[in-house]
Every structure is written in C-alpha cells, then in structure tokens.
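Here subunit A shows up in two complexes: once beside subunit B, once beside subunit C.
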Partner chain A sequence: MTVMRNDVVKALAKVTVQSNEQGLIPEYEVLVNLLPVSLLNTLTERLLAAAPDRKPEIEAGLVRAAYECGYHTGCGIITSEIFSEVVMPMVTEDEKDILRGAYAAFTAWGWAKSGIVQLKEGKKMIVRAFDYYEADSKGEGLRAYMLQGLNQAFFDLTYADPYPDGMDTFVCKQTKGLETGDAYGEFIVTCK
Partner chain B sequence: MPLKLDFTLDDTTYRHYLNGHPVVMHSHHYLALITKLVEDLEDINGPQILADTVEDTMRALFEDYFQKNSITDSRDKGMIGTEYFSTFGLGKMTISGNEQSGEARLSHSHIDEGWLIKWGKHHKPINHFTRGYVAALFAAVFNSAPRSFSVTETAGMVTGEEQSVFVVKAV
Partner chain C sequence: MPGLYGPTITSDPDDRGLQGNLSLTTITDLLQFLAASAESGAIKIVRHPQNDEGMIYFGKGQVLSANTSERTGLESFADMLNWSKGSFNFLPGITPLETSIGLSVQHAILEAIVLQENLTNSFTPNSAPVIEKGSMSMEQEPRESTDVMNDLLEISGIDAVVVVGRDGFVIESAGSSARVNIDELGASLAHSINGIEEMGSELNVNQFQDMFIEYGRAVIMCKPVGDAIAAIVTPDASKLGIIRHKTKKLFQELGLSF
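Showing the complex of A and B:
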C-alpha cells in the first residue's frame, strides 16, 4: 500500500495546535507559532517596497527563514506520533512514501494545497500548488518564498544526508505562480 | 471575559482560520530568522517595518473581535489581547498602564526563547515583533489612532534577563 493522500490529508487536517500555560506551543521538536497570514504577507510586501534595490537579499532571507523552519519542523513532523499513526502504516516505498505523506501534511496544515507531480528519487522533484497564502500578497513577479524554502527542506530531509547534516544539498526554484496569473504555482527542486 | 476561540477549516483549500482570520503554523526558526533579517535591514528601518506591520495587522484583528463580541471595557480588551498573544503561541504577557504610559512584561516569549534555542544569548533585545504587538494592544485598549504609542524594549530574555520588559509612552 502506498500513501492514500486524501485519507492522510483528512486525518491530519483535524489536528489543531493549542498553547500551554506558558503561552507556548512546543510541538514537533520546535516552538510552533500560529500567525495571521495577512501579517506575513504584509511584512513581505513592505520589506520589498522599502528597498527594491535589495530585492535579491530580502528574497533570499525570506526563503532561508522558510527553509530552516521547514527543515527542522519537517523532521519533527515525520518523526511525530501523529505521522507514525496516520502515515507510516501506509508506507511501503520508503522515502518516496514518506515524502508523499509529508506533502499531505503540507496540504492539511494549510501551507499549500499541493502535491508532487514528478519525482526522480534523490535528483529532482516538481511540485504544483493550487492554493497558497502567499498568492494573496500584492506585488510583482513570482513570490512564493515560503514554498520555495519548504520544498527544498522536504527534499533535503528525504534524500540528503540524515538530519541534521543534509542541509543545503538541494535547491528549489519557482517557475509558475498563482500570483502572476498562472493556473498553479510550480516548484522545481534539483541538486545545488 | 475570556477570549473565545473558534478554529475552523476550509475543506476545499485546507486553509485554517482563527475567529474568521486565516492563520498558519510556523516555528521559532522562522521568526528567529525573520527577526535576524529585519535586524540586517536596519539601514532601511527593518525592525520598525516589522513592528509597524505587527501593529497594523493585530490592531485590525483586535478591533474585529471587539466589534463582533461587543467588547467595550478597556480591562476586557487588555485581557483579550494578552490571551490572543498566548493563543498565537507567542508567550505569556501582562500589561499595566493608562492612556499616557504603561508597561508590558513577558514571562515567556516565543521569539526570545526561540532565539536562545537557535543562537544563544544576544547583546541587545531583539523582540521588534512584540513592540508592535504592544503598540497595537495599547492603541486598541484606549481607542487611539495607529502609532499613538512608542514601545521600547528595555529588558530582553535574549540578553539574559528573566523577563522581557516593554515601556510604553503616548507619542
């Protein structure tokens, strides 16, 4: 049996995170936060508007923040109790299935309604996203910085050296975006 | 009056909502690096851009909640704001003060504790996010215009203090 994506998405989407008596959310080996997407999008827009001549530096910083978040949190997710309960019983193709499960979590937890459309194990992956919050932001050009970082992180976790030594093995490039009028966002992960 | 929490899910997009506002999960790695990014952009006022963005978005969220739940008492507004802070996973906040001046204290802080876990101590406070949050909360409590309060972080957990302290002054 391989991962039944719809079942996993439905099961994981029911998971909610709630803070403890310290006002913190320690889950998946990290401290989780739950923020309004309008805040994140507005910050991106304002930073880019404040320094258009430094766009590459700001974009790289936004992708890096998402990447490190995804790499560390992603490891916590695929080793979590809920992932073991919901996804692992369906895993028969090792890394490939774990990656499929991770993208089901990706969708279920609201990062992007997305999935893998092409996978060359350990070499290349193409992901398409049909809904993601960064598409709501105002601005010019492709700007799904969060998804670029997260896609790279999930491929590193799956096919690079074991956590935490596999960082920065692969790189993700966005080639299409809802924010620029395409029918979906497209992300291609390849070796660096 | 405790904060009412209504978590909902859009079954089509799988976007998550808290009291009608779309929200998304990230980790301390994300906010630590965003904080570092704005620090690196100090020459273009990066830290204040972050604080102002937090003030504007949180203020809108507070006002929406107050209106929908007929909250008019300033004490209730303050309590709801600090409970929202915890609901977002940002830590534990207490506030005191009046329309002229005040203080906010954090006994736990996602941003400071996250920074400490990731990088260890720092030579100065870095919680620009919470400066904006406190400015939004004071303005909402006292029905003031945006940017009515200046907020300075005078003590930060990242520098080794037990609590983070924010001094608030009417501008």
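Showing the complex of A and C:
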C-alpha cells in the first residue's frame, strides 16, 4: 500500500472550509485565503512591467515568496489533523509517501494539478504539472514562480533538516512550461 | 506476393517460396503473415554475419517445431526471434519429423519471450536494462518519454499508452481508447499493482515484472518502468505476443525517464 492520490483528493475535496469575518480560512495551523488566480498573475505582471531591467531579481523574489509561504504552510499541511487522518494511514514508504500525499493535497485544493514523476530520495525530484497558477499568465519564458517555490519548499520539508532549520537546502528549476506551449510544466529539484 | 513487402520479400515462380532479408522485416511479422495466409511449411533462416542456420516449421496457424545448430524446440525458436540480420526462405509444404512446440503462432511467440526474459533475468539479476543499437545508444542522451510513447503507439494493435506513478498520478499518456478511460485507469492500476506487489512480497517471489489483464472488451498489459508503471491498452489478445516482443526495448527505454 502506498498513498493513493485519488483517495486523498476525494477525501480532501469533501472537507468544508469556512472563512472567518476577515475572509481568512484557519487551516493547517496558518491562515489561508481564497482569491482568484488572476490576482496573483496580475501582481506578477505589474511587478515585472514596473522594472523590466530588474527581471531576474523580481523573478527570484516571486519564487522566494512562494517558497517561504510553501515552507511554513507545507509544514502545517503535513502535520495537520486532516493530513494525519486522510494520508498518514496510507503511508508505508515514509518520506516518499508523505511527498506523494502533499502533491495529492496540492491537487485537491486546486493549487496545482501536479505529481511526482521521479524521486531519488534526498537527492532529486522531478515533478510534472498539468495546471498551475501561471499556466495562463501573460509574459515571456518559463514563469511558474509559485510552483517552483512550492516544490523546493516541500523537498526541504521532507529531506532537509527538521522544520524550521532545513530552509534553502534544495533548489528547484523549471524546465518546461504550459505557459510556453509545452504539454506540461516540468520542475527538477536538486541539492543547492 | 510481389509488392506486399516491397523489396524485402520476393517470390520465386519455380518453387512458390518467399525469400527476403531480416533487416527490413522481422520473423514475428513474417510468421504472423504466413499464419494469416493459412500457409504450411518451413522458414529457413540464415543469420548474418555468423552464418548460423535455423528452421521454423509451422502449419494450420501453429508453430510445430524449430531448431538451430545448437538448440531445438522453444529455446531455438526464442533464439531465432532475436536474429535481426540475415536472410530467410519460406519452403512451402515441408513438415517436421516431430512436433516439439505445437502452439499457435501468438502463443509460441509469447512463450518464447517469457523464456527469453527468464533466461536473461537468471543470468543478470538486478542489472540495468540493456539498450541495444537501434533503439538508443548508452552514450546518447535519453530520448524524451513522449517520443518513446509515440513509438509505442505506432505498434499495430496498441490503442493507448499510459505511464502512471505508484500513487495513481497519470504522468503521461498517448493515444486514446474508446474502451478505457485513461484517468480512471491510472487510479485503478495503482491500486492493482500495489495489491500485486504485496502478494509478491508475501510469497517472496521477487518484484512484479509483467501483468496482463484480459477483459471482454479490452486487454491491458502493464510493466514497471523505473519507479512508475506503463500500461498499454489493446482491443483484444490476438496480437499480444507480437506486441510484447515489439514493446520490450521501448519499455526499457521508457524506464530511463521515470
């Protein structure tokens, strides 16, 4: 038995989320929100348009923001009650299965329809995604900043030093993108 | 038969025999063609450059017997299926002295491949897949999985190819099947393989290598490729032997991507 993606997605999809009076949803030990994807993409486009000569810095900043968010939220996810109830009973291959469960949760919550293609434990991971935030964004070149940061965060959480000391152990590089006409987005996480 | 196989096979008007070159067709294709034509006789094969000779006798859609200078029966038949260079000559009406195989062409090919794989596994346990010339050289960069899957799709009888992660994530698919929903296949396959691997572990019979599931309206063949599972969907089992033979190297190549 290993983590069965469909079972996780079905179980998590049944969970009712209720936002508080400020529109924030207390889940996974953090506050998450529900906003349209276009908001993030518009912000990205405006940042890049505001300083075109500083594109590499802005891109690195966007990936960093996603990474830090993913690292802390990710820890909340994999230690949450619902993750323990839904995913942990299926975990037989330790870290590998926790990662599989995390990507199933990504998909269930609509963050990215993604999954692991190849995993060399503690060394390398290849992820493919068939939908993600920036897939329909306007711009040039590979620009899945959010998923780059999240992939790196989850690999750090799984294989680097225990939270919160394992930050910046691994790095994620995007090699293919829906936004550039590829059939899927591809991301490779390796040691820094 | 002039024209059917282009320059590969020619017809000799004197003895009505077919002859040709193995560089442009395969023994499995030839056997299938002759069986479909309800022919009986023997195929004499000469492998180049070794000049090894072999005979395959068949009749009424069955492989009756086979022999090479070193082997007889199914072992020699399995050996000859791997001969990729050489010439052949079909000799109609010739019957063997004894029947050492006696299986339908499809069944004989399937049994020969199983035998070959068992022999390979017993000699090279846990070894990396051997990629031979023609599919990929080890010095070259591995091909994109999409290219390999498209090659699989070109094999006659294959409707769809899908690669699924152990968690049921459909990593990649090519082609389509009117009979099987590919997304649902991913989840179902992962469940089935998990069960089968648990059984293998309980029985202590090593890791799973192949699975064939024959349903009324479709046949699904699965193989592990790297850490994932590849499955092909065919409408029925009639070409399974040929498909298994032709997919072998491509599955090995696909394993390099996952």
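Just so we're on the same page, the second predicted complex is superposed on the first by the 187 of 192 C-alpha atoms of A that agree within 3 Å, B and C clash if a C-alpha of one lies under 4 Å from a C-alpha of the other, contacts with A are read in each partner's own complex, and residues count from 1 in each chain.
FYI, a residue touches a chain if its C-beta (ideal position, glycine included) is under 8 Å from a C-beta of that chain, and two chains touch if they have at least 3 such contacts.
The model shown is predicted, which means the values in this text are computed figures rather than measured ones.
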item: Subunit C versus subunit B on the shared subunit A, clash or fit after superposition; value: fit
item: Subunit B versus subunit C as contact partner of A:108, first or second or both or neither; value: first
item: Subunit B versus subunit C as contact partner of A:6, first or second or both or neither; value: second
item: First, second, both or neither for A:66, with subunit B first and subunit C second; value: first
item: When both partners are placed on the shared chain, which of subunit B and subunit C touches more of subunit A; value: B
item: Which of subunit B and subunit C A:25 touches, first, second, both or neither; value: first
item: Smallest separation in angstrom, by C-alpha atoms, between subunit B and subunit C in the superposition; value: 10
item: Of subunit B, residues touching subunit A in the complex; value: 7, 9, 13-16, 18, 21-31, 33-34, 36-38, 40-41, 44-46, 49-50, 52-54, 56-58, 60-61, 85-93, 107-108, 110, 113-114, 117
item: Subunit A - residues contacting subunit C, complex; value: 1-6, 97, 100, 103-104, 115-119, 128, 183-184
item: Interfacial residue positions of subunit A with respect to subunit B in the complex; value: 9, 13-14, 16-19, 22-25, 28, 30-40, 42-43, 46-47, 50-51, 54, 58, 61-62, 64-66, 68-69, 71-73, 107-111, 113, 131, 133
item: Complex interface listing, subunit C residues touching subunit A; value: 146, 165-169, 171-172, 187, 190-191, 194, 198, 226-228, 257-258
